[in-house]
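Below are two complexes that have chain A in common, paired first with chain B and then with chain C.
Up next, the complex of A and B:
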């Protein structure tokens, strides 16, 4: 796989050359997880199995037969992916204590390549939310809240104010995975992306967040939110790493009938030097209400960057963008209502003690197992699916969805290669401020820039761009053509190189053995 | 009193005969230990996805072709939602919007006035055939206040055959279902044994006066045999007529057939009408079928279902088989019906015909009168018959060669039934049933009889 660029320090190379062993790497990560526990990024840490996997990896390296670039690399997986023998909770009471008998295809692929699975990361319950604040295990804290960069810029409102209460959210719903990667506890993490759930926390946590084309990566074993929009998401510290992980995960899965049959060939990203043949589209509708002036300026600066490097930068229009949020909410609620119907307490998961009748047991189980957000979406979803409402809501939303997807088709057909947009409306807000509005309001606000790519099934990636005035990460999003991940990531990599996003300065990381941690401190593993 | 026109429409669920289930790889098997044939998908474990079973698609296409349907080259899957203990996912995957086959017909025959010799052919239109999942089974244990759930059957493939309401009585319903059963068994797309739940029939019944709009219909369920189907339908028609003539009304409800009492009973559901909140199944792309014309050149034969390929390989349907039997053996049409109606009887008949020079038109009498009546008397299937086709052929050969009389042959058959392993020849020898061939010996016997009955002979000669 990708072992290019001698100047960059690579963990994979280090492992191969024996400068560090998988066990050492694993132990360091586990230790760092413990010392960053206050981030609440992990729900389950699989210490024993991880160390065993590291041992096995070490044996392979000693024999000179590593399985590939991912062999021995510590990774984390969002807790809505099935992992055999390790609890899968979806941050919900409904699945607390649930131990799945099978691995999601993507998890199996990582394990088959020798990756070391450190644990399951925290999320909004059943991936519903944009803050990673609404799970039963509590909210995830953005590691940047504890960074020197943020602390330097934050002005305490009062002397006695608890510093702790100023922490900012990760964004969501894959906040745990984003925080895990951002705080160096793992080298790559899996998230999921239905309306922006990988890109949004990636932007807030200053990491690369890739949403692949729908149908490229198997969803078998990913507990679904919206089957027609969900994709497994990839979070890493640099674009090259995302390409490596993508290479190990993509391809047809007979167990998932929505994956494409075409052969997928993993690729290495070229080092783009000449962007003059590129056409970058700037969709004007993405100058959305509420977009911070800071991000607007950054977006503009990025466009100029491309222009000055010789690329063609043009304004384009995706006229149906303004309808995507309501459309998404109807379709999402409808699928949620359907997907959650299986949680009745009979076969697995939480079962209420109420046993007067099957119906009463179902009702009590579901009331006890689901939080308000999930129940709200189930109720509205069932409403939209009622016979008398189906045409006006569900079918109408599907039609609007087609219009939104066609907007992209038209733009890409007109010669535009890549779209450049902001990922979020602002940098990460403090938790105390975030929870002032309810989940639904927040989701509607925060999904607006990321959501349309899910409607259209297109690949999109967040690239950390710069720090805000508050010292927090801001990212920009690139959206590409269906199944053109190579082009998308090549452009993203070029951009990443130009902006040189700063590394997070975390005390906890510094406190660890400096020598041993050099590997982690560099952004990448590949 | 104004006449009543009964209207009967049937919905038939036929379990597909396949090794594994419609959307998962777990096995299909009757009467296995509870919950021993349940895959992760069948148990609705979160994150599992349906994968369509090719064999089930082929079975549905075969059935559609045999029923003269148009096969939809593109059909869709939907979710039908309701909560029940035997439906783990909270929804059934079915085909509500665009099913796999539509607009067919089924021809069946009826005897007029129970006279087998007067058969008339009728047709019922097939509205559609759809693929869908079977549910699990739930057993209510009232003594212990619990419900036991067995998911072995959950996810097994079903073909739902929906008929237009062209039938008018129990007899027609029974005959139509019987013919459908034979067709399915001939195709092998379903074993269609009602007793094993492989064929389930629900009847929609209503009555109205000629010229007036259709009446309110009831749905009758829990019909466990073809015989009970006829009874249930006729009972319900009668019940509705009586109710209406007494000034009552018919409720649009579901009723269960009680076979012991021979009547239908209201299954009054406290819930009222269900809204199934149909939604497209997002995990299954549209089902695309090909024919010789539309099949792309580079397509892997293994990856597609070719309707024409299946059509070419359809076996002879019952109606064709019957016509061939009549033509080949010179038997009557009603004979061919009986032959096909008994599992294995046609084969038995043909085996006998092959082994004896006796004319098939004579052999058929032995098959349908003697053999079949013995089987029915002892409740045996053809396969269980103690008299094999070769044994019967041997016997008929003796008869044909005039070595025994037909009376004697019946006696030999009675002996053969005991299944003691003796051949017909051995029994004939044992019981001295041979026809005498010696002319002189015969004369001597006749003379002896006449001599012993002098008076009677004189009376006869005198007239």
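Up next, the complex of A and C:
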């Protein structure tokens, strides 16, 4: 079972021992990508280059000199990261056909470790959204929509109802990456996280989604949304894998001046057995309006889990939590207004045929290239930045941001080590229901539990916890202190072990795995 | 308090992006309404926060050329170019005024 049950550690061992080769692994993933095309998780599949990378990796394994734990491991990257020679679209008409001339630092780091880049994953246009439904390549479908677990629980309203129509969303905006990891087409994927864009789809797709501390991982090459909040996100099937990927990506980058200069040492996660010295904080404001009773119960159960294991579990308060979405709304729009100004058709991307004047060419290009959501945020951002509004909106939001960040400082200073909260308000909703509300309303609703961590720059991780009554994944979130990823992930790993989240039962994967298993039985390795 | 057509026009001009239809204008109105909730928060004596890393010194590297010479690469993505120049339509021509522009705001 090289594709599925195998945690990356097991795959790594399998590669080292020659039980499976990088090429076989790559081919399996590529083939699975083809048979799960209906998920629409990938925008670009880089088949040729992936196979070449796999070949190179194989040579290294044969020589007994793999580059490290990631050598030969198939990975996917969200399509807002620059990848040299491969189209980078941000799911927008503005960048259709744009072939990056360089690799984002995180992409380069993965490649330098021998990872095999399978392709670029789908997202909301320019990462604006919480459903992965608003990109020009169409919405991403949650693999769990096709799982036995979900199908068993869904009652068709009428026997003539197209069962295709009640598929659920992945969440967003890194939905493609989450779906790719969840459906076993890759072992790890990069997402981005500005308001919850990695943790939200991780929760809905039943995978681990890590948002690192702001400043730990380079943003060079990540097409920016909000410079002061964006971070590259990591999606994997287990916490240990996230730690491995983090180890290969973190550290100062001279090309990103917002990365801290402290030395970063990759770490392995210990197997925690004694949690009695831990202090877990339960922020009462995260019992937000709209939180499903199911998730509330799971959250409570999780708190009890820690308590019964001897940890100190206390209720804490982050009083400005309810303002984080409004604050984000203003700061995000303002930064977007600035960041999107670079798209004018002159040097790259879409260019309108209008050529009466520079300004009219820019205006036409942007009119044609951006969708409603993007244009809406640019216009709002410009409004908030007008001289007459600057102090009342932009500066005001920056002040509120400090209040939000200070809430966390106070709580961590009081002796709390980790915060435990829900990640989303409910399990994944059907696409047909999701699109009934507009993007901004949805984002405002869905980001409420994840956004504050971006305001404060803190590390946070979604850990898949249990299946809902509808047979869909529900995750819980841990938020840690700045740059204390090791502690955060150690606790997350302990929790993951306790809850034993079930594996997704997907027909397509079973078929592939079965073939793979047979192959392994009959193959002989030297 | 609705946003005036002068401000809407000004925004289209600044952003070089269009409202397109009444929905677009509504979107802005709703965004402002939403943002107004900020005024409920007391921020007396609070300094604005630019960055969560404000207590650290931003990294500055030496002003040495370490890479470049990638003109060909960079020009590949441009649609209109001549030799090593990006070609732009004539500048110094302001965007037409509201009355002369093809914009939804005209009938507003």
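Quick note on the criterion: the second predicted complex is superposed on the first by the 505 of 526 C-alpha atoms of A that agree within 3 Å, B and C clash if a C-alpha of one lies under 4 Å from a C-alpha of the other, contacts with A are read in each partner's own complex, and residues count from 1 in each chain.
The rule is short, and it goes like this: a residue touches a chain if its C-beta (ideal position, glycine included) is under 8 Å from a C-beta of that chain, and two chains touch if they have at least 3 such contacts.
Computed from a prediction, not measured in an experiment: that's the story for all the values here.
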For this session: Check the residue A:323 against both partner chains and state whether it touches chain B (first), chain C (second), both, or neither.
Result: second
For this session: Decide which partner touches more residues of chain A, taking chain B and chain C as the two options.
Result: C
Problem set entry | Partner chain(s) touched by A:396 [first = chain B, second = chain C, both, neither] | second
For this session: Look at A:257 in the shared chain and tell me whether it touches chain B only, chain C only, both, or neither; answer first, second, both or neither.
Result: both
Exercise. Which partner does A:219 reach: the first (chain B), the second (chain C), both, or neither?
Worked result: first
For this session: Tell me which partner A:338 touches in the superposition: chain B (first), chain C (second), both or neither.
Result: first
Exercise. Is A:82 in contact with chain B, with chain C, with both, or with neither (first, second, both, neither)?
Worked result: first
Problem set entry | First (chain B), second (chain C), both or neither touched by A:347 | both
For this session: Go through the superposed model and pick first if A:375 touches only chain B, second if only chain C, both, or neither.
Result: second
Problem set entry | First, second, both or neither for A:358, with chain B first and chain C second | both
For this session: Starting from the residues of chain A touching chain B, keep only those that also touch chain C in the other complex, and list them.
Result: 101, 228, 254, 257-258, 337, 344, 346-348, 358-359, 362, 382, 386
Exercise. In the complex of these two chains, what residues of chain A are touching chain B?
Worked result: 81-82, 88, 90, 95, 100-102, 104, 219-224, 226-228, 254-258, 334-335, 337-338, 340-344, 346-348, 358-359, 362, 382, 385-387, 390, 394
For this session: Spell out the part of chain B that touches chain A in their complex, as residue ranges.
Result: 40, 43-52, 79, 81, 83-85, 88-91, 147, 149, 275, 277-279, 282-285
Seminar exercise, completed: Residue set of chain A touching chain C in the complex reads 98-99, 101, 214-215, 228, 252, 254, 257-261, 320, 323, 326-327, 329-330, 333, 337, 344-349, 351, 354-363, 366-367, 370, 372, 375-376, 378-384, 386, 392-393, 395-403, 405, 438, 440, 444, 456-457, 482
Exercise. Where on chain C does chain A make contact in their complex?
Worked result: 3, 7, 10-12, 14-20, 23-24, 27-28, 30-32, 34-35, 37-41, 43, 46-53, 56, 58-61, 70, 73-74, 76-80, 86, 88-91, 93-96
